[in-house]
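Look for subunit A in each of the two complexes below; its partner is subunit B in the first and subunit C in the second.
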Partner chain A sequence: MISQKGLRRVVIEPVTRVEGHGKVSLLLDEKNHVKQARLHIVEFRGFERFVQGRPYWEVPVLVQRLCGICPVSHHLAAAKAMDMLIGADELTPAGEKMRRLMHYGQTLQSHALHFFHLVSPDLLFGFDADPKIRNVIGLAITPKYKDLAVQGVMLRKYGQEIIKATAGKKIHGTGAVPGGINKHLSEQERDVFLEDIDQMLDWAVAALELCKSYTRDNLAKLKDFGSFPSNHLSIVREDGCMDLYDGKLRAIDADGKMIFDQVEARDYFKYIQEEVRSWSYMKFPFISKLGPREGWYRVGPLARINCCDYIDTEIAEKERKEFMALTDGKPNNITMCYHWARMIETVHAVEKIEQLLNDPDLQAGDLVTRGERRDECMGILEAPRGTLFHHYRVNEQDQVTMANLIVSTTNNNEPMNRAVQKVAADYLDGNEVTEGLLNHIEVAIRAYDPCLSCATHAIGRMPLAVELRDAHGELIDSRSKGA
Partner chain B sequence: MSDEITFTIDGVEVTGTQGQTIMQAADQAGIYIPRLCWHADLSPGGSCRVCTVKVNGRAQAACTYPISEGMLVQNETDEIREWRKSIVEMLFVEGNHFCMFCEKSGNCELQAMAYRFGIATPRYPYMFPQRDVDASHPDVFIDRNRCILCGRCVRASRDVDGKNIFQFVNRGRETRIAINAEANLADTALSAMDKAVEVCPVGAILRKRVGYAVPVGKRKYDHEPIGSDIEARRAKS
Partner chain C sequence: MAEEDRARRRVLVIGFGNPGRCDDGLGPVAAQAVETWGLDGVSVDADYQLTVEDSCAAAAHETVVFIDAAAEGPAPFSFRPVEGRVDLGFSSHGVEPEAVLGLAREVFGSRVEGYVLGIRGYDFDSFGERLSARAERNLAEALGFLQRRLELGELDPKRGDQEV
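Up next, the complex of A and B:
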């Protein structure tokens, strides 16, 4: 533990333009050398506890309340777990495809929100631009970027409308039920979406081009910005193809060597463990066989592009190849390349939406199926921010008795902390602390598109440390439990 | 001798027949009087008081009060609307009603009533009572967090199903619905097809594994407020 005597604490609270609440604390000595840098998650949710006792069919609708940005991800991950519970091992075509459409709509709206509203001001105005202009409103009132801001809003709207048509509501719908879905997509709904799909694809491709050229133009600075070699984890299809909705787990190391592959959702806990630390409500997952020091990994768009062998839509696959060429086909460990990877996925989501809209299975056929009931179930999914794990046990009276969630952002806990440490060391160390320099730290966190409110799940296992200090900051006494 | 009776509701002349309650005559005339414990297939309970009207200046329950010639009924006044709103708000704070994930949402009469009255949030403090859940029955789930003590299940089980499974116990704020078994609903003769299960206005007694089968947009109160069906009769006549 670092002694805080003689050190100055600088706190960024709250971290802005991310979902949820977090803070960064820096400990600096008298010469402004960074002694410690941490991202703390200050919220607590508790869903894993209060879902206990509730009937299992309620869970997909209940747990999605974790989040207002990507509730669809929790809705679908829980529904997938409940499919396993009721023995619906293979959904009907309508059930599977309606859920996929919902999920790609979610990916589109979430990625668009992140890129256009939260991140583009940093990229277009500069990391240390005046905060008065460094935001989405600044974008909208700058003539050069006005169209871009409108496109961002419209892309997000399109994704939200897809969610409404499949889940019933834009936020916190009820569409996915254990064993399938509760509605078809009407021809009328389909035709409205098809009318605008070409425009959406054009805008998504334009945003990708913007992000790509920005990254290439600034590669010298971005290459090392909050970057470090890491393991990567994602879901892939059996043939190694990117699949955001369903598949099996794959993990690779920083050089692309396979750590594990084709791990079923039901076996996730044999490969992934979680560590709790005293200063954050967010857990630290790691790959079991590598241990907590070496086994941490990244998830999300960068990890997904690194892990998959190919993408099954035309433009996204061409772009993936170009992306991988930047690092000679080896895994890309450049933190700021998350944005480029995210925009490839945005294009992929639009291409997938178009394929699905042209599929007649959405208009007919059985909506739900079921099989032999089980008492334990897991659902995994590639949420916009990364791999999402839902795990439940249900008693014979249909009540949930145990829930464990490893939320996308939780997987990125250690990487985000490393990014914060690296940027603090590279940019702040020895310098006068300015708002612009502090925003550099936030830029590194934003690359991961964290959803901090979703990611706080340490009830009952949270070690607690209490320190008593006098008016001069001297430690008088301390107590701790569980650490 | 004719058994027709003529009286007024908010100044509108209404004709009913001897033996009808104010609510029956009003329904027939297309005038909606809000209600929660009342159900078309059950005898009136008169317990929730949401249907309170003024009869010749005195507060009465419209679901139990018989009509008489020339009576003056007040239904839609500011004072009465405020009483009804207060009752609904008290029902919300007295239980644990989490509409956002309740499967009855969109089909719930309590929720629909709140929407009709424009209740965004209750003015009273939430009581957060400790209520229990009984999931023991293979096909029926009881969540007492959502019970509003309307007594529909009590009357339906006694008068329609002939099983007498449900009954009120305790008094005042401790009142709750009990079952005629030592511990679990599974030990009663209840069937998922019983009237007592069908008539629950809220999400307290539910058939298991139905959940959210009806999509948003197709639920009973998704498009029209509660009472619109009755008011439509007046519009037609």
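Up next, the complex of A and C:
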């Protein structure tokens, strides 16, 4: 495929079984050097229009149609926006804490799945290991790793059960409603979760230790892998503490200098803009005052650890300090450290779940509150993959007239492109699309755990495919994953 | 008979997909129908995606039938056995039936057998809790087939290896 004279394009096209898909195209010059890398990801299509005209109270349930793997994050972000709409500026203790429990359950299950199912095989077997072994079943059939595979499944299951107990059901959960929640947690439910909490914490800490040791032992290789300096963005509490459910926006630069802090959700659009580029379905958000070239930023576990001043649970805070010491207290810009940061958050989520389970507010008190009605609302939270923005306008007939969403993966659009370009430049060799190149690009993208508009799911989509074309558009090499 | 032994004799039917995205909801809609049959020894579950923890439930059963929408392939449906296997992806999206079976066998030591009932769908790009007319017809035929299989106990590997 020719796009510019003298340049050749390598296309890497992972078309998954879900609706959304990604495609990597690498533009080469005549010397076979990577001139440009573009990661194409299909973003949500038409949802903002679909929700128009629907009554606002349906939105927290409707938004779960967006994504089959992180519906809870959309459910809660929409519910937070609707809190603002109905003037519920401070939820009841039961409403606030039940939602937090749901959110930490979501964080735990998502992070556990990512680490145990996708990342640990990379770390334990190596990026270049045979894909037939480099997977979670590979762990299960390797005696020294078998326990790890079991732990991954059970941690994930625990988080999912928390979600079921707070959201009500697995599909189209209804737990969070405008102004609060629709149920308490029964003492019986609480006791079942408390019975296993110590085990969950032990497993989460052990996984963190594994990830940390691996990173330290392989730092020379990892520190430049898909890495680059960047701005970082997340919400933090008023005192700078990490808070995954609620807080105000903070952005720092690659050296830790504050760009802005304590920005309210309702003002996000004054600080964040989105750029449209002709070649991508997905927008490119940036910090307004820095502009699109300098203002792009990273979100997610790495950004959250970098942005916060401390974590309010004991083990996670100790681990945060150790993590920050790796870069002498400055922001950590090592892409592969996303995994270490993600596991600190996993431990934090379990610690938070334990705190909440021991809080009697979950069993009593008012569930819902409301105040003075507004006509515009925003909800922001830290989804497992990063900061998630929901923004709506509602008319006097209670119908949604405008919706705008900036999802976590969109926030990480520019960084993922940069990571792919860096890795491709380092590992592309001549005219051949090697298994090694595929593996390394996947490892770089995987660090961000992107969400690919996974709203639908059906048999019959293609696996990863790579095409290499010469300067005349002729196919000179191709490779399909799994072929 | 111990509870665990009884469970191991059961069939687990898992329908998966997003019922808010038209024909992608064929799996959960089918699972809902199977539940109404009230067949002895048949458990039913439904979710947006298959996930690793589904392997726990699978391991406690003798047979698992995964029901999914099919974006391509034969109409009205296909029915095929699946083997345990995992392909590593680059994002933590749902896993495949092969991975659920593989985990059930390798992590939990189960000998569970698995089949995929793929019901052909056509509309995957719209929002809405409705099936297309053609998908509705395919669903009815697939359910008729599955009900006969479950009632006759014909979900064994030798008899299930043909595509329909």
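The criterion applied here is as follows: the second predicted complex is superposed on the first by the 422 of 483 C-alpha atoms of A that agree within 3 Å, B and C clash if a C-alpha of one lies under 4 Å from a C-alpha of the other, contacts with A are read in each partner's own complex, and residues count from 1 in each chain.
To be clear about the criterion, contacts are C-beta pairs under 8 Å (C-beta built on N, C-alpha and C of every residue); 3 or more make two chains touch, one makes a residue touch a chain.
What you see is a predicted model; the values in this text were computed from it and never measured.
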{"item": "Of subunit B and subunit C, the chain that contacts the larger number of subunit A residues", "value": "C"}
{"item": "First, second, both or neither for A:A140, with subunit B first and subunit C second", "value": "second"}
{"item": "Touched partner set for A:N306, first subunit B, second subunit C, both or neither", "value": "neither"}
{"item": "Which of subunit B and subunit C A:R65 touches, first, second, both or neither", "value": "both"}
{"item": "Which superposed partner A:H172 touches (first subunit B, second subunit C, both, neither)", "value": "both"}
{"item": "Contacts of A:S227 with subunit B and subunit C, given as first, second, both or neither", "value": "neither"}
{"item": "Partner chain(s) touched by A:T335 [first = subunit B, second = subunit C, both, neither]", "value": "neither"}
{"item": "Subunit B versus subunit C as contact partner of A:K157, first or second or both or neither", "value": "second"}
{"item": "First, second, both or neither for A:Q399, with subunit B first and subunit C second", "value": "first"}
{"item": "Touching partner for A:S280 - first (subunit B), second (subunit C), both, neither", "value": "neither"}
{"item": "Set intersection of subunit A contacts, subunit C complex versus subunit B complex", "value": "62, 65, 172"}
{"item": "Residues of subunit A touching subunit C in the complex", "value": "14, 16-19, 22, 45-47, 50, 62, 64-65, 68-69, 71, 110, 113-114, 116-118, 121, 131, 134-138, 140-141, 146, 149-150, 152-154, 156-157, 160, 170-172, 442, 445-446, 449-452, 454-461, 463, 481-482"}
{"item": "In the complex with subunit B, residue positions of subunit A that touch it", "value": "53, 55, 57-58, 61-62, 65, 167-169, 172-175, 177-178, 182-183, 397-399"}
{"item": "Subunit A-touching residues of subunit B, taken from the complex the two chains share", "value": "100-101, 103, 133, 135-136, 141, 208-218"}
{"item": "Parts of subunit C lying in touch with subunit A, wherever the complex brings them together", "value": "16-21, 23-24, 28, 46-49, 51-53, 55-56, 68-73, 84-96, 99, 102-103, 106-108, 116, 118, 121, 124-125, 127"}
